[in-house]
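Note that chain A is present in both complexes that follow, paired respectively with chain B and with chain C.
After this line comes the complex of A and B, so read on.
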């Protein structure tokens, strides 16, 4: 007999439920695991409208991990949290173009949408378990 | 009474009601551990679409990563003008991936039982 650990959501019978979404945890299903996370501060020189730069930080893993990430910028207008998305959907001064990983680093690609300098980017990444 | 499962990080007392970042596992009805439904790879030619069927009947949480050779992996969905443009849309029956890279690329996808959004 296979032994499992299951924790159901409130109001659901853990012994009879079959829908995977009825459970908080089910040991028969892989839980996608975060194996590393980190933050890095970076700046991109203004360099004129359209200048693009990269902020990088080492992930410390022995493989190329799948990563997701977010960037926070703070200005007089407040705090903006960015996610990589299409250029035309962002009205802030900076565009978070992409996030990618190689065997050593996590890289945040940032484009300057207006000719400003001195902005500090607070970048955070989450690296997951599966080598790519 | 709601159920919870918690495993604390080293040197943290698991019985003490700490903050979520003090646990390696912190699960209850409000903090669901995401459960993997399927994973795989698909090769898509330049400027072409690739479809992965899931048939869950709702929009699941999905991650897609684009491989560039053997040394780089990008989270798809970024700016179309970025160094590695690839996008994906998730429907109630499938995931459609668009390759705007130059050349055929390999995409890794991860689809979860947990809902990506509700309509």
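After this line comes the complex of A and C, so read on.
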């Protein structure tokens, strides 16, 4: 007999529930494990409209991981964090392109959309298991 | 000696496995912890040749920048769920953009319409968001 650990949501019978969505935790279902996380500071120098820079940091893993990342920046709209997938974020000053990982690094590509002074970007990545 | 809780995948020896991919769960690795989830719709329009931005805001009240995710749909193609937003370029130079930004207490969603075509173009983006308790420490 296989033994499992399960915690159901409030009001749900843990002994009879079968829908994965009924559980807070179920040891038979894989979880999204964060195997590495880190931060990196990047500065995109002033250079006019469309200046693009890449910020990279080593993830230290032996495989190419799936990654999610966020960038903190301050603009006239205040300080926020953004996920770099959409072409344009709220502030017209900063347009984020992408985040990706290779066998060594996690990379953030950032584009500055207006002619502003060098801007510092605080970037954080999360690397998950299940090698790509 | 440290103690931990681990549940290996079927057929894998939990006592000897070391690779994260061998486990369904291991207390050695942090996980994402749900805080709240919801849906918000943002509608807008643009008269040629304008670009207009429309916003919707929700309050999470965590006091820090949390890990978040969201999917967005454009009501013109409501069956397509795009992770972390989209930029959709349509015929005649019509562009719709959906994205979001996170603050320490609120999350704001943006729907942008660029009408390089003619007349008036209207649309609605629906955002399905999830906010986690995990602090990004940014």
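In this section, the second predicted complex is superposed on the first by the 123 of 132 C-alpha atoms of A that agree within 3 Å, B and C clash if a C-alpha of one lies under 4 Å from a C-alpha of the other, contacts with A are read in each partner's own complex, and residues count from 1 in each chain.
The criterion applied here is as follows: a contact is a pair of C-beta atoms (placed from the backbone, for glycine too) under 8 Å apart; a residue touches a chain by one contact, two chains touch by 3 or more.
Predicted model, so just to flag it, every value in this text is computed and none were measured.
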State whether A:122 touches chain B only (first), chain C only (second), both chains, or neither. second
State whether A:8 touches chain B only (first), chain C only (second), both chains, or neither. first
By the touch definition at the top of the document, which applies to A:103: first (chain B), second (chain C), both, or neither? first
Please work out whether A:21 is in contact with chain B alone, chain C alone, both, or neither, and reply first, second, both or neither. first
Check whether A:130 is in contact with chain B, with chain C, with both or with neither, and answer first, second, both or neither. both
May I ask you to decide whether A:67 touches chain B, chain C, both, or neither, giving the answer as first, second, both or neither? first
When the two structures are overlaid on chain A, which partner does A:111 contact: first (chain B), second (chain C), both, or neither? first
Common interface residues of chain A - those touching chain B in one complex and chain C in the other: 25, 29-32, 68, 85-87, 130
Give every residue of chain B touching chain A within the complex, in rising order. 2-5, 25, 27-29, 31-37, 39, 63, 65, 67-68, 71-75, 77-84, 108, 110, 112-115
Can you list the chain A residues touching chain C in their complex? 4-5, 25, 27-35, 37, 39, 68, 70, 72, 78-83, 85-90, 122, 124, 126, 129-131
Can you name the residues of chain A that touch chain B in the complex? 7-10, 20-21, 23-26, 29-32, 64-69, 84-87, 95-103, 109, 111, 128, 130, 132
Complex contacts: residues of chain C adjacent to chain A: 5, 7, 9, 20-21, 23-26, 29-32, 55, 65, 67-69, 83-87, 97-103, 108, 110, 112, 136-138
